[in-house]
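Structures incoming, each one as structure tokens.
What follows is a pair of complexes built around chain A, which joins chain B in one and chain C in the other.
On to the complex of A and B.
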């Protein structure tokens, strides 16, 4: 059962995580700007795709706005994972281990910081999207669901980054997972609906790639409204990934924190 | 806890695969005592501290800290101890005050009590002026003092300090010694201090345990340990190295030879002094570059027990 002291401890670690990120411009500015820059480049280059028969919207920006939500989660994850690896290397994790904190509270505090950063970034992308004329078809409620889904994605990705950091104890190894995540992102439906992809290996890969379903969940709220099938798949993938990743990170924490 | 043992260790062992970092040590530290754990790099000092602070399970043996078994009562042990480990594990992006705030939250100290304790500790370690500066701007000594303050937030009865003054300048070292001595003297805190500095153990510790290659080779008060060596030694550095055998021949008349890194040395026989040696060398017509009289030190104790000098000694690749 979560007790009040545990909530207090988790909150304190989350506070530290957020303060750390906020005081490192390199951890704040690129995650805000790079996804939007990529959105601008893709929208400029691929706008003609909206003329294809069956393309679901006339605005490629609205179609692609879902991608920054995933990229933002990746940045938050990698920065958070690298910070945890640094804590291992500097002995800060030992300092935490000497307090009455449970190891699960250490993970929870760390992930709470990652999720908070992810929500902040998602809100920023949403505001920018609205400012440049993208409407959220599912309305204000849809915007809130986007934030909840983004939080879940950050939780899952963040837990995976935590797992890598705990397993390797190396910031470099944690950062090295970034290209792997990006491969999954690019081999997905990020730039084209799956039904418009040719019957090639790419379409098969995009169909079995869980990232496609996360993007399509976000996208449905922006360009369609309430598509419960897309949302169900997105939440299912996000929750499933989070459960697996949190389990892995908890096991890794037990191995790393060998206190009696 | 009033009186009695604060730390009791019996046949404590820790192995890392084939390497026995700590090899069946026994020790007892009384409440309110400062116990100096002296040894070269890789001797097993930090591994012992990690076991006693519950961070590392022992491979064999038992240890009780504050009356609790480190193997089976980890959370209870952690409640009564504070520790400043070898790495001053601080976050360069947080301020000193923020570190204290975080540490107290993790120990469930809240509200006014947290603020009052934070101000008190900052004052005590001399960081009030620098409290709101980020730690990355702190000097090594300031970081160590903050580390000590963090170890004290929950008023521990037993304090573990793992090489707290390594790398510090003389002034910072003295300031930290003063605070550690005050903690033991005024607050009755038991201090388990590891160090590779002879002077630190000599000045601070009520008792000293000397560890080498995972085994305690000597234990006692600094005075008692030095008394086991008993007599002073004389070390002569000849003008020319090839005169070493002649110098040794003369010095043998005054005592038994011991190891010397610079020339020739003997432990003086009872009743003999430096004057006798000077006369002996003079009558043999031998000139020396330097002639030194050494009172027994803890290094002599280490040398006598291990055959090596502590300063600069290292136990190779063993975990420390």
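On to the complex of A and C.
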């Protein structure tokens, strides 16, 4: 049962995590601007692809708007993970271990900060998308579902970043996971629908890559409306990943606390 | 002169040896270009069927040229990170005292940038050929293509070196990297210039990287390329950033 002290502990740590992120412009500005810059460049560069037979929309911006949601989650994860690693390196986590604070509250508080940042970023991308003329086919409800899905993705990715930070205790190692996520992002249906991927090996790789289903879930709400198959797969992947990552980070936290 | 060269080559060898012994430094410079090549050539190959896309060697060769130039540019930028790191650890200040002429430091880092890019270019070329990339251009065209990439590599090194000499801190990494990343991606990366849309077409039309990229693609396709203009432009950019790097060296010297 979640008791009031636990809620307070989670709340305090979540607030600390949010304030800490907000006070570092390097943690706030690039995650907002970089995905949008990439969106702008890719939309201009790949607009011609919308004339391919079978391409699902005439607007590449609408097609690609799903990608910043994932990139934003990556940035939130890396920054959050790096902050936790710094807490380990500076001994803050050791000092926390001397207090009655539960280890689950430490993880929950940290992840709440990551999720809050992810929701803020997703809202920003959505507003920018709407401002440049992208309509959300699923309507306002679809916009809300995008926020929920983004929160789940941030929770899963954030928990993985937490796991790496706890496991290694190194900010550098946590940052080094970025290329791994980036590979998963690029070898997916990020820039082209899977049925239009020319090389068979790439189509297979994109099909077994769970990130494709996350992107397609977001994308379906923007360009199709309510596609429950795409949404089911996206939520399934997001929830599954979150469960696995939270379990791993909880185990890593136990080991970390034992060490201290 | 022999002392000058000894200083420059000694520094270059130190940089290359440091990279070879440290997988964390070696892996990104080798893997990232391969990864971009795979993602673009593999994931976007259907783009070549769009009306108006006419590139006889195919999409793999089309992307190979971009990734080759990109790897050259980032080979220079990554060497700039090393220069900044050497400043942070005080190595460069000791080097200032050790070398007979301080310009040998910039020359040494330049040789190192070429050396580290040579590794990436070799691997990238082998992978592209294994992936059955079509090359229509002849040996002279290919020599021109790699020479063009070499000029990009040295120009990027001069740019990053100028930044590193001025900031003398690894915190300047994004200042070295982001403009290079942006100028590369504001060129016709995925489709020819004629198929670019809206503001990106306008920006790409005046972006000098577009000229380099399109000439590189003409060379690999064995088509007539405005090589004189392009090499002139590349040399001009190289000279401008060379001046930028050496002025940075003067600033670093003045800062002690």
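Following the convention adopted for this analysis, the second predicted complex is superposed on the first by the 257 of 260 C-alpha atoms of A that agree within 3 Å, B and C clash if a C-alpha of one lies under 4 Å from a C-alpha of the other, contacts with A are read in each partner's own complex, and residues count from 1 in each chain.
Convention: a contact is a pair of C-beta atoms (placed from the backbone, for glycine too) under 8 Å apart; a residue touches a chain by one contact, two chains touch by 3 or more.
Since the model is a prediction, treat every value here as computed from it, not as a measurement.
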{"item": "Which superposed partner A:204 touches (first chain B, second chain C, both, neither)", "value": "neither"}
{"item": "Touched partner set for A:97, first chain B, second chain C, both or neither", "value": "first"}
{"item": "Partner chain(s) touched by A:51 [first = chain B, second = chain C, both, neither]", "value": "second"}
{"item": "Touched partner set for A:8, first chain B, second chain C, both or neither", "value": "first"}
{"item": "Partner chain(s) touched by A:24 [first = chain B, second = chain C, both, neither]", "value": "first"}
{"item": "Partner chain(s) touched by A:37 [first = chain B, second = chain C, both, neither]", "value": "second"}
{"item": "First (chain B), second (chain C), both or neither touched by A:16", "value": "first"}
{"item": "Partner chain in contact with A:187 - chain B first, chain C second, else both or neither", "value": "second"}
{"item": "Common interface residues of chain A - those touching chain B in one complex and chain C in the other", "value": "none"}
{"item": "Residues on chain A engaged by chain C in the complex (per definition of touch)", "value": "30, 37-38, 40-42, 44-49, 51-52, 176, 179, 182-183, 186-187, 190-192, 196-199, 201-202, 206"}
{"item": "In the complex, chain B residues that touch chain A", "value": "53-57, 70-72, 74-75, 77-79, 81, 83, 85-87, 89-91, 93-94, 98, 101-103, 105-108, 110, 134, 150"}
{"item": "Residues of chain C defined as touching chain A within the complex", "value": "24, 28, 31-32, 35-36, 38-39, 42-47, 49-53, 59, 174, 182, 185-186, 188-191, 195-201"}
{"item": "Partner chain B, residues of chain A touching it in the complex", "value": "5, 8-9, 11-13, 15-16, 19-20, 23-24, 90-92, 94-101, 258-260"}
